[in-house]
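Here the chain labels run A, B, C and D in written order, and each chain numbers its own residues starting at 1.
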Amino acid sequence: MAHTIKDKTKLLARVRRIKGQAEAVERALEAEIGCADVLMLVASMRGAINGLTAELMEDHIRHHVVNPDSEPDPDRARGAAELIEVVKTYLK
Amino acid sequence: MAHTIKDKTKLLARVRRIKGQAEAVERALEAEIGCADVLMLVASMRGAINGLTAELMEDHIRHHVVNPDSEPDPDRARGAAELIEVVKTYLK
Amino acid sequence: MAHTIKDKTKLLARVRRIKGQAEAVERALEAEIGCADVLMLVASMRGAINGLTAELMEDHIRHHVVNPDSEPDPDRARGAAELIEVVKTYLK
Amino acid sequence: MAHTIKDKTKLLARVRRIKGQAEAVERALEAEIGCADVLMLVASMRGAINGLTAELMEDHIRHHVVNPDSEPDPDRARGAAELIEVVKTYLK
């Protein structure tokens, strides 16, 4: 099943931001700015990857396992909602 | 202090690989391949970022703090060598 | 829904091992062994916590969302199996 | 070289808190509280381990490599201070 158009647009924006961050790290290395500054850029990129991962996992749960907003079985709906919360906590 | 040419070449190769991985994730999202496959690509990218981070931290320790291979004080040389090992363990 | 007895026994063994690792770190700090050795003990404890997290997430998916081994809907069964794989990859 | 008494007291308080968190996870599993609640307890424990790791790395840098507050070489003092910042960013 395909992602919704809205999800796809958001995910593409996130991954393009990560690509831009990689390019900034590349330029920083070429310009020989200090290691510590490069490491801070890489830390931001790592944070952006965690954000992308949390969003992809949430989309996977909603579209391919159980969508808590439309699931008729209340136990499953609650289990999926809790799982999405847990994933966000671990990846924030 | 600038990195050595050899370090810089290796670091640039790592960051260009990460940029290539971000482009692969972008193409995968555009082609609407499955979430789980996209997540595996993102996991590889995260691993590559950990590798880049460990290498940047090692370079920072060697070039801006204490280089265990040339430090005359043996306690500092050992402390820096241990720190490099610890960083690699945490980021592998 | 409660965990199966088998899952609970495995999870308790994991968490008791982590408690033992915390006690080993405590003794190491009291005995003033080197920082680097303490950091290696803490790295092992972190690995054990990732293992516990992956197992708890897998149990949560199986018992409270979708169990891929007993789910009649093949798309959901596949989605849940993929999700378990992804969680293991991210936490190994 | 031994840690200062103050550092040791703080580190022991951190590790005892982690031991207490492991005991809380153990009791939660025995009491069969929900998976999602157990996972949130484990996430707190993981955060506490990152905090302990950052503090141990900072102590190691200060006592066994270069202490930015007492180092006469200004480049090394700055390199060590930057490294401590980077470690905190990565482990927060």
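Here is the rule we use: a residue touches a chain if its C-beta (ideal position, glycine included) is under 8 Å from a C-beta of that chain, and two chains touch if they have at least 3 such contacts.
What you are looking at is a predicted structure, and each value in this text was computed from that prediction instead of being measured.
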Most remote chain, CA-based centroid, reference being chain A: D
Computed distance of Cα centres, chain D from chain C, in Å: 20
Distance from the mean Cα position of chain D to that of chain B, given in whole angstrom: 22
Whole-Å gap separating chain A and chain D, where each centre is the average of the chain's CA atoms: 26
Numbers and ranges of chain B residues touching at least 2 other chains: 34-36, 39, 43, 46, 53, 57, 60, 63-64, 82-83, 86, 90
Arrangement of touching chains [line / ring / star / complete / other]: complete
List of chain A residues in touch with chain B within their complex: 2-3, 8, 11-12, 15-16, 18-19, 22-23, 25-26, 29-30, 32, 34-36, 38-39, 42-43, 45-46, 49-50, 52-53, 56-57, 59-60, 63-64
Chain B - residues contacting chain D, complex: 1, 53, 57, 60-61, 63-66, 75-76, 78-80, 82-83, 86, 90
Residue numbers on chain D that touch chain A, as the complex places them: 34-36, 39-40, 43, 46, 79, 82-83, 85-86, 89-90
